[in-house]
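Sharing a structure here in structure tokens format.
Chain lettering (A, B and C) follows the sequence in which the chains are written, and residue indices restart at 1 in each chain.
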Amino acid sequence: MAKITLENIRHSYMPEPKKNEDYALQQIDAEWSDGSAYALLGPSGCGKTTLLNIISGLLTPSEGRVLFDESDVTDTPTTERQIAQVFQFPVVYDTMTVFDNLAFPLRNRGIAEDKVKTRVNEVAKMLDLENSLNKRAAGLTADGKQKISLGRGLVREDVNVIMFDEPLTVIDPHLKWLLRSKLKELHQQLGRTMIYVTHDQTEALTFADHVVVMYDGTVVQVGTPIELFEHPAHTFVGHFIGSPGMNILPCEMSDGAAHFAGNQVQTACTNLPSNGSDNIEVGVRPEFVEFDDEGLPVEIIKVDDLGRHQIVLARHDSNLIKMIVAEDAQIPSENPCISFSPAQTRLYKDSWVID
Amino acid sequence: MSKTTNQKAWIFVIPVVVLVAFNALIPLMTVVNYSVQETFGNNVFFWEGVKWFEEVLNSSRFHASFLRQLAFTGTILLIEIPLGIAVALSMPKKGPWVSVCLVMMALPLLIPWNVVGAMWNIFALPDIGLLGRMINGLGINYNFTQQPAAAWITTIVMDVWHWTSLVVLLSYAGLCAIPDAYYQAAKIDGASAWAVFWRIQLPKMKRVLTIAILLRFMDSFMIYTEPFVLTGGGPGNTTTFLSIDLVKIALGQFDLGPAAAMSLIYFFVVLLLCWVFYTLMMRDEEQ
Amino acid sequence: MPNYMNFKKWLLPTIYILFLMLPIYWLLNMSFKTTNEILGTFSLYPQNFTWANYEKIFTDPTWYNGYLNSITYVVMNTVISLLVALPAAYAFSRYRFLGDKHLFFWLLTNRMAPPAVFALPFFQLYSAVELFDTHIAVALAHCLFNIPLAVWILEGFMSGVPKELDETAFLDGYSFPRFFVRIFIPTIVAGIGVAAFFTFMYSWVELLLAKTLTSVAAKPIAATMTRTASTAGYELGLLAAAGTLTIVPGAFVIYFVRNYIAKGFAMGRV
């Protein structure tokens, strides 16, 4: 097991990067301690796969260092880093049996055959693959093959960290849940550090102890799923997490208070920015927007009944505001007005939260 | 991959069947017709049954060209397939040289076959050809118009020059189709370069290699123009391969009957060998 | 990677390409000489450099029409072959149906007989449907061997694309045509590039049927070249120049599809 440290990592795919935009990873400093389950969450193109490949050694960063425990492994090749990786689509050696697939990493490292046998059987049991050991790997279904990919990582005892690059992409939806639970179970059983890259917040929030949210090449927030939900540090986090995401509305500072659409807004912010500041936004989750007769008048455009709750799409001038109300709540038909719950309303400057 | 059974898939296939069958069936029937009849001219035909087939199959001339053909095809397959794969493996996958390589390798394939024969003819002549002069300049007595061995070697080298690029292009495309993740996983698993070739690259190239081998087999088994223009089948009949002999019979002696019969025998031989090979290559696909 | 390893890898393709270029250089050399010089002397470069061969080709209609005719029917054939082969290859790759394995193999059998004896029946067939001496006749006739080739190549590449991709797309609500064009085809561009090039190539160099089915209006370049070899005696210089020029259209094709061939299979990032 190891602690992974990323120091001043910047990476560009271009030979001579000049501006910030040329970098796929802008600046990453992170320390990930052992044994935890991490999720790297972010939209396509935010740099999460780049980061993953830098950790696994498949990519050497343009700048910065990677440390496993305290040793610098930036230039160490992948084979020597003792990591395992599961890819987006199943990678198996078609011509070999399931047994040989699982044994492959061990045999390549010269491990004795009887040890190989024991180990492979152990791992096959963990993954429910015991009955397929003698079948040709090519004949398994997608989730079976992903299990083999995972198995090849688990079978080596010296693995520091297992990395998953959107591994459930090609799995049937009803099997995704099973495989995800299996991964969580394995993590709790084995206690190895696991890093799971995904753009699906459900996967990230259910799997990880800590979620690393990435956007446009930087880490915008690291925290537990609850922290991310209740205290988004960046408008992107607010917007990306939660279904539907946070409402981000334009805001002006005047008379020492925040104003949205001419109305004063109470927020949880203690260090208010000065009057006339630019790029201020107010963020509030749909869960914390309520009907309030003394609030801001809005026009209701659409109501979606999702069973457990209803999602109301309201509009004030050109701003769309989403609300979540209880399933049996009454939607006022005349002059609906809303207000934001102050404790859960935050101010953001240049997309970063002001506390 | 697991295929689903669906008879409606025939709709996708019908245009192909129509276009190919239109060209295949009627001419084939005509040839079959000729092969079982005798004509003395004036469009008068007599039924002869299997006479032509027996005649051809028992002729020592046929046996001789057949054996020559087998030797030729066997040799070029043994050279072109490994060479083609090796070149494809060593070609770059990215960068400016890819275009250069692909275009230059494709050039021999594009030259009409009679020009290929003609240019190698001059190229290999001992007095006015570059190759001929070079070899004789090294002290080796080389004259492909008179020496059977030289004629064989020249024909084989010409074929390797002409067609190896087909194997290269197919193999290269097959290689490029292998996703990076396989190579990455192999690195993580600590696989040796040989293991990568044997367990990842070669299996993933199986289908394109099958096509390449079948194509080379069929085309070389039917080869006509290039060796005919190069050596005329000589010296004597040492490089008279099966097709050359067939054309001599068909057009030279205008014996349609034996020619048609020979064509059909030819066809069945190629068919049988291809079918055997194809079945072997694909036997582990359906489970 | 240490430098010496790169060098060893480069050695083979370099030697191979040099091997390929030597006779082509010789061909080019001959194209700038007169036939007399070719047969009379040995020289690495033309002693009496002449453009005459190329001039003849560019000015004599029989010659340049030959090129235009060839390009016309070859392009027609390539387009037709690819268009019908794509759905068929998809069917072979994804579905089981009655007679599928036999049908697949039957396609290839159409390349297994030497064409010589079939020339006359082909002539009779296309005359009967009144398509003699047209471009479409040759384009259709070449379908005999090119469609099977296209189907086989495309099927080979399609089988490398997991069926899960199709299923995911259908679950996401794609209609079949939209899936095929927007998702499937981009993953098999390498196969399409290869199939396009080989279809072009085999049709381009095919001599016998092209000659048999045409006389004047659609006469291909290959036929004009054989005429050079027989009637006017062996006009080697002219033949060499014509041969060099025949390389050009094909070179364009491979250049055009080079990126598709090298692109390979990129499982679309969802």
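We adopt the following convention: contacts are C-beta pairs under 8 Å (C-beta built on N, C-alpha and C of every residue); 3 or more make two chains touch, one makes a residue touch a chain.
Values in this document were obtained by computation on a predicted structure and should not be read as measured data.
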Chains in simultaneous contact with chain B and chain C: A
Remotest chain, chain C as reference, centres from CA atoms: A
Chain closest to the middle, measuring from C-alpha centroids that were averaged per chain: C
Whole-Å gap separating chain B and chain C, where each centre is the average of the chain's CA atoms: 15
Where chain A and chain B are represented by their mean Cα positions, the distance between them in whole Å: 54
Euclidean distance of C-alpha centroids - chain A vs chain C, Å: 49
Residues of chain C engaged with two or more neighbouring chains: 162, 267
Contacts with two or more other chains, residues of chain A listed in rising order: 88-89
Residues of chain B whose C-beta touches two or more other chains: 179, 204
Sites on chain A touched by chain C in the complex: 44, 88-89, 142, 166, 169-170, 172-173, 199
Touching residues (chain side chain C, partner chain B) in the complex: 9-13, 16-17, 19-24, 26-27, 30, 38-42, 44, 80, 84-85, 87-88, 90-98, 100, 103, 105, 107-114, 116-118, 120-122, 124-125, 140-141, 143-144, 147-149, 151-153, 155-157, 159-160, 162-163, 190-191, 193-194, 197-198, 201, 204-205, 207, 221-222, 225-226, 229, 234, 236, 239-240, 242-243, 246-247, 249-251, 254-255, 258, 261-267
In the complex with chain C, residue positions of chain B that touch it: 1-7, 9-10, 12-13, 15-17, 19-20, 22-24, 26-28, 30-31, 34, 83, 86-87, 90-91, 93-94, 98-99, 101-115, 118-120, 122-123, 127-131, 133, 161, 164-166, 168-170, 172-179, 204, 207-208, 210-211, 214-215, 218, 222, 224-225, 242-243, 246-247, 250-251, 256, 259-260, 263-264, 266-267, 270-271, 274-275, 278
For the chain A and chain B complex, residues of the former touching the latter: 56, 58, 77-79, 83-85, 87-89, 91, 93-96, 104-105, 108-109, 136, 139, 149, 152-153
Interface residues, chain C side, partner chain A - complex: 162, 164-165, 167-168, 171, 267, 269-270
